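By letter and in written order, the chains are A, B and C; residue numbering begins at 1 in each of them.
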Amino acid sequence: MSATGIGASVLRKEDRRFLAGRGNYVADIAAANEVALAFVRSPVAHGRIRSIVKPDGAEHLVFAADDLDGVAPMRAPSKLPGYKPADFPALATGKVRFVGETVAACVGATRAEAEDLAQLVEVEYEELAPAVDMLAARAPGAPLVHEAWGDNIALATRTEGDMAAVAARAAHTVTREFRMSRQAMVPMEGRAVLAEWNSRMDQLIVHTATQVPHLIRAGLALFLGLEQRQVRVIAPDVGGGFGLKTYVQPEELVACWYAMKSGRPARWISDRREHLIADANCREHHYIVTAHADADGRILGLEGEVTVDAGAYSIYPFTNCLEAAMAGGNLPGPYAIEAYGVRTWTVVTNKPPLVPYRGVARPGVAFAMEMLLDAVAREVGREPHEVRMINMVPESAMPYTNIAKKTFDSGDHPGAVARAAGMIDVASVRERQARGEPDGRLIGLGFGSYVEQAAHGTSVFASWGVQMVPGYEQAGAKLTPDGGLELRVGVQSHGQGMETTLAQVASEVLGIDPGNVSVIHGDTGLTPYSTGTYASRSIVMAGGAVSRACKVLVERMKTIGGHLLQCEPDEIRVADGRVMGPAGDLPFSEIGRVWYLNPEELPADVDTDGVEAVVGYRPEPDHGTFSYSTHAAVIALDPDTGAVEVLDYIVVEDCGTMVNPMVVSGQVYGGAAQGIGTALYEESPFDESGQPLASTFADYHLPGAPEVPAFRLAHMVTPSPHTEHGIKGMGEGSTIPTPAVIGNAVNDALKRYGAEVNETPISPRRILAAIAASQGEAA
Amino acid sequence: MKPARFDYARASDVADAVRLLGSTDGFNKPLGGGMSLGPMMNLRLAQPDLVVEVRRLDALKTVAEEDGHLAVGAGITHSAIEDGRIPEVTNGMMRFVAGQIAYRAVRNRGTIGGSIAHADPAADWPTALRALGAEVAIDGPDGARIVPLADFQLAAFTVALEPADIVTALRVPRLSPAARWGYYKICRKPGEFADSIGAVVHDPERDFTNVVLGATDGAPLDVAALAEAVKGGGTVEIDDAKAALAAQGAVFDDYGNQIHAVALSRAIKGALAS
Amino acid sequence: MTEISLTINGAPVTASVEPRTSLADFVRDGQRLTGTHLGCEHGVCGACTVEIDGEPMRSCITYAVSCDGAAVTTIEGFDDDAAMEDLRQAFTENHGLQCGYCTPGMLVTARDIVRRLPDADEKRVRLELSGNLCRCTGYVGIVRAILSVLEKRRG
């Protein structure tokens, strides 16, 4: 391992500008003559717009749906049979379907002036009964979000399993109901867009806070009636994404439309209230799951009913049915199960659309499966970590194709459980639990495991029916005339540190110092096409592509270097920024000089494509990588207040080859902290009329430093047999088990009451209600 | 999320502030640290016509001991109290309470007078100062007056201030050296507004015992039966607190009944243990 | 519009502002000092934290008019500050930032912690950070960075 290549904890190149306060986010960019937008948003969850009255004298600065000539509603189709796409209009057309939906756009010299105008627009609504709860909305007779459908079910799927065969052998049948509540994603930077028309380029230039610039370009062109060459999307520094910044936003479309119509740059910067009430939300799953287990706790069969509350509209491009598809495919987790049957429903309601959030469906899946597993362990009277281990696919069985047809590539899943159990020291936790705390709090121990399919390839996305199937990921590598390296990738780095890690991949292959590498990303005008950054794919796909591009470059540099050093190209190696032959070496700048400035010195057999290569890459097979992990936590629960403190938290994870262990650890910590948010704090509740009840951080609680434990982390390294350098995707992983780990720990603490909390967030209110209910039953 | 337009004036002294606040018939607000008013204006939940800045008035920054009270200027910041930059007459209670308000960056600008005038039920000072038996010094068009805090806060966000009145100081009685206090706040995270607050001051030498429940949906509640129990020297368990609240008709939802009783019980235990 | 005079990062500034303009918007839009970030505009997240007259405060709920005569230091104004230099180095060494959005406010708060509370332990550091939200790091690197600077300053 080199000091700067794969495996080194290289300090991040991007840190300097952020630490100096010189990052460059969309809101930091000023355009001459720009205007600001603010939106009139629906105050009702479901209603018909009777009239919109624009303020006197400001009619030319206020725009409703009828004014948006040339803007098509956003449609995100799916090839899955029976799917009903719910078009998402940029501005509400006729009906409003959630509180916060954009009804009219107002233009001002400043955001404050635009808001002044928005306050003056009068809209009359005819209120309709809303569909708020997904189970009620699924039932016949519910108010219809989209009348033409006849029901509220966007997609229903059914996979049959041979339950009869296993049920007969099962000593225990355990059924539980779980609910993961709706929440917001809350990147610290909200969504932001600055659109302007550039006449010279005949191009709409859109600075927007996105994870997927090339997909946004495709969507904007489609819905604005432009050719894609006429749209350039630039994502500058982006302050976190977590899934939120993967869809075309109504406000983004309106800003683009106004910039085209008026010729003036148009800016819309989301504020926190808009994020909490009107942006796409996430999670909100309901499960009824049943395990058929033998007397040892080995799960023979698993049955599930999964309902996902998808909100009112389908977001472009990933649709609102991806969550349910992922849930159905991932419920069996890392376990070897003989029989599996699942039904899923994607239900529309009068709430904001749902977009996949870090972990995509799997935090909900793990919340159901991992907590069901602990219920089984309690039923058979065994330690939960032991029950996990006997159910897991052992290392000797790898590669292993599970009941949901996922092929785990490698790894020692039970080994991760054993290591986590050792680190948390199960015996001493049990001893402490039995001893009791001086302050009367109850100790609870929880485990959670998962396998994370990541960097899903072409065949996987094609099977989901989405229209943006990723193929060969491309990267460009270019040696500059002075011997530096420019990398061009279509993914976007918004916290993952790819300006450093991709440079490390190049350093590994090319022997160049990462300090001499520039990573150019997030700009459709400068980078090869990519579906972008999501699904823990970028270091696998873009990292692999960078590696392949650099390998091509090495071959070409060897040809030139061999000529200059008077040796055979295959005698050349590259290291420390130099091409080295048996009898001498040259800096990369000499290669650059010859190609660019003194081509008369080039050898006859030089590759005419020069010292720049764009290379496509995808792993084969392309079913994605399979990272895995086990988490364990000890909590203290105050039975009088319902307060939960996380005392200890262990992560044992295996994501194959780590390009930068420091960055990997950072992703693990951050994901686990978000999981603690889901577990204990975060919720976007709605009342019966569909009004959102958390519109500020006074009501929506993000975990802060006091709420998050000092995680203890151990890495295992099983390189992928299928990917360049053995890298596996891992960015989302640690959000996946955390709600279940905390939930299992809480239910372990509540064992003495026979109480369980099976709904997130596991709030004091819910804990106290569960204790009170158990005492009511006992009495 | 930008405020609606407002006019702004900076008062030169208290009399000028009173004059400015009364100078128009509109909705006029004094601005201290602005740590409560600012968010409400940014959210356009408050849209004053005129904002009169009083934060820098010397008269509101004075701290003086007089006839058994410490008069804490309304413009004194929470962090000044937290850091012990003003005399401590409450055996450490005010310092303790101040350090739990919001976050340091808010405490550096937010003021005790502003908090009392804003009267958010979930804030700390309304409950803590009521337990201490504090009084509010007010100046207005009709001159200065002093109102016991118990008569000042009428309901959530509702106080006995006329439109052109401003709070000039909080008069906090000096506790006897042997006096004890307890303060127990239940909130989801440090710095967040409370779900419940129990505050107890027990000063037998002055024949003063007060038990107050805060973070209800109204003004802080005196729980006289529990004050009697504290005087009697008995401990108060959760069920005792529940019974006392129920007996005086203070009934909440199941969660509220539980945590309010816990906050009171723990505040009392803390006071008796100190 | 109201005329104000103040110093920003040591330099005198005189400007005419609308009373409703927050200090954050004033330094960002008026002075082009965009290192001060807006994360909630209601005083909770801490991304906008700047120093006013030597103390960290929220610039999103502080109006520029009320800073007439004040000395304001934004993240761009600490380049010659020894404590900030140590913190910046410690933040990068401990991976105390990812997307960078909370970082300026986090650093202003961190600098206050290491100067005001030289004996702070991990629990206290975490408590003092309660008014600065980070969505990326899980606070691990941030807490470690601050503890390492405290340690260094204790010698």
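In this text, a residue touches a chain if its C-beta (ideal position, glycine included) is under 8 Å from a C-beta of that chain, and two chains touch if they have at least 3 such contacts.
As the structure is a computational prediction, the values presented were derived from the model and not from experiment.
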Graph class of chain-chain contacts, one of line, ring, star, complete, other: complete
Comparison of B-C and A-B by number of C-beta pairs in contact, larger one: B-C
Centre-to-centre distance between chain C and chain B (centres being mean Cα positions), rounded to whole Å: 28
Where chain A and chain B are represented by their mean Cα positions, the distance between them in whole Å: 44
Where chain C touches two or more other chains at once, by residue number: 18, 20, 41-42, 127, 130-132
Per-residue overlap in chain B, given as positions that touch at least 2 other chains: 1-5, 39, 43, 189-191
Residues of chain A engaged with two or more neighbouring chains: 112, 271-272, 696, 698, 704, 706
Chain C partner contacts - residues on chain A that touch it in the complex: 11-12, 14-25, 27-28, 30, 112, 186-190, 237-240, 242, 271-272, 494-497, 662-663, 665-666, 669-674, 696-698, 702, 704-706, 708, 710-711
Contact footprint of chain B on chain A as seen in their complex: 110-112, 115-116, 119, 271-274, 640-643, 681, 696, 698, 701, 703-704, 706-707, 763-765, 768-769, 772
Touch list for chain B against partner chain C, complex: 1-8, 10, 31, 34-35, 38-39, 41-43, 51, 53, 55, 79, 102-106, 108-109, 189-191
Residue ranges of chain C in contact with chain A within the complex: 18, 20-21, 28-29, 32-42, 44-45, 47, 74-76, 79, 88, 91-93, 95, 97-104, 107, 122, 125-127, 129-143
Chain B - residues contacting chain A, complex: 1-5, 39, 43-44, 186, 188-193, 195, 238, 254-255, 258-259, 262
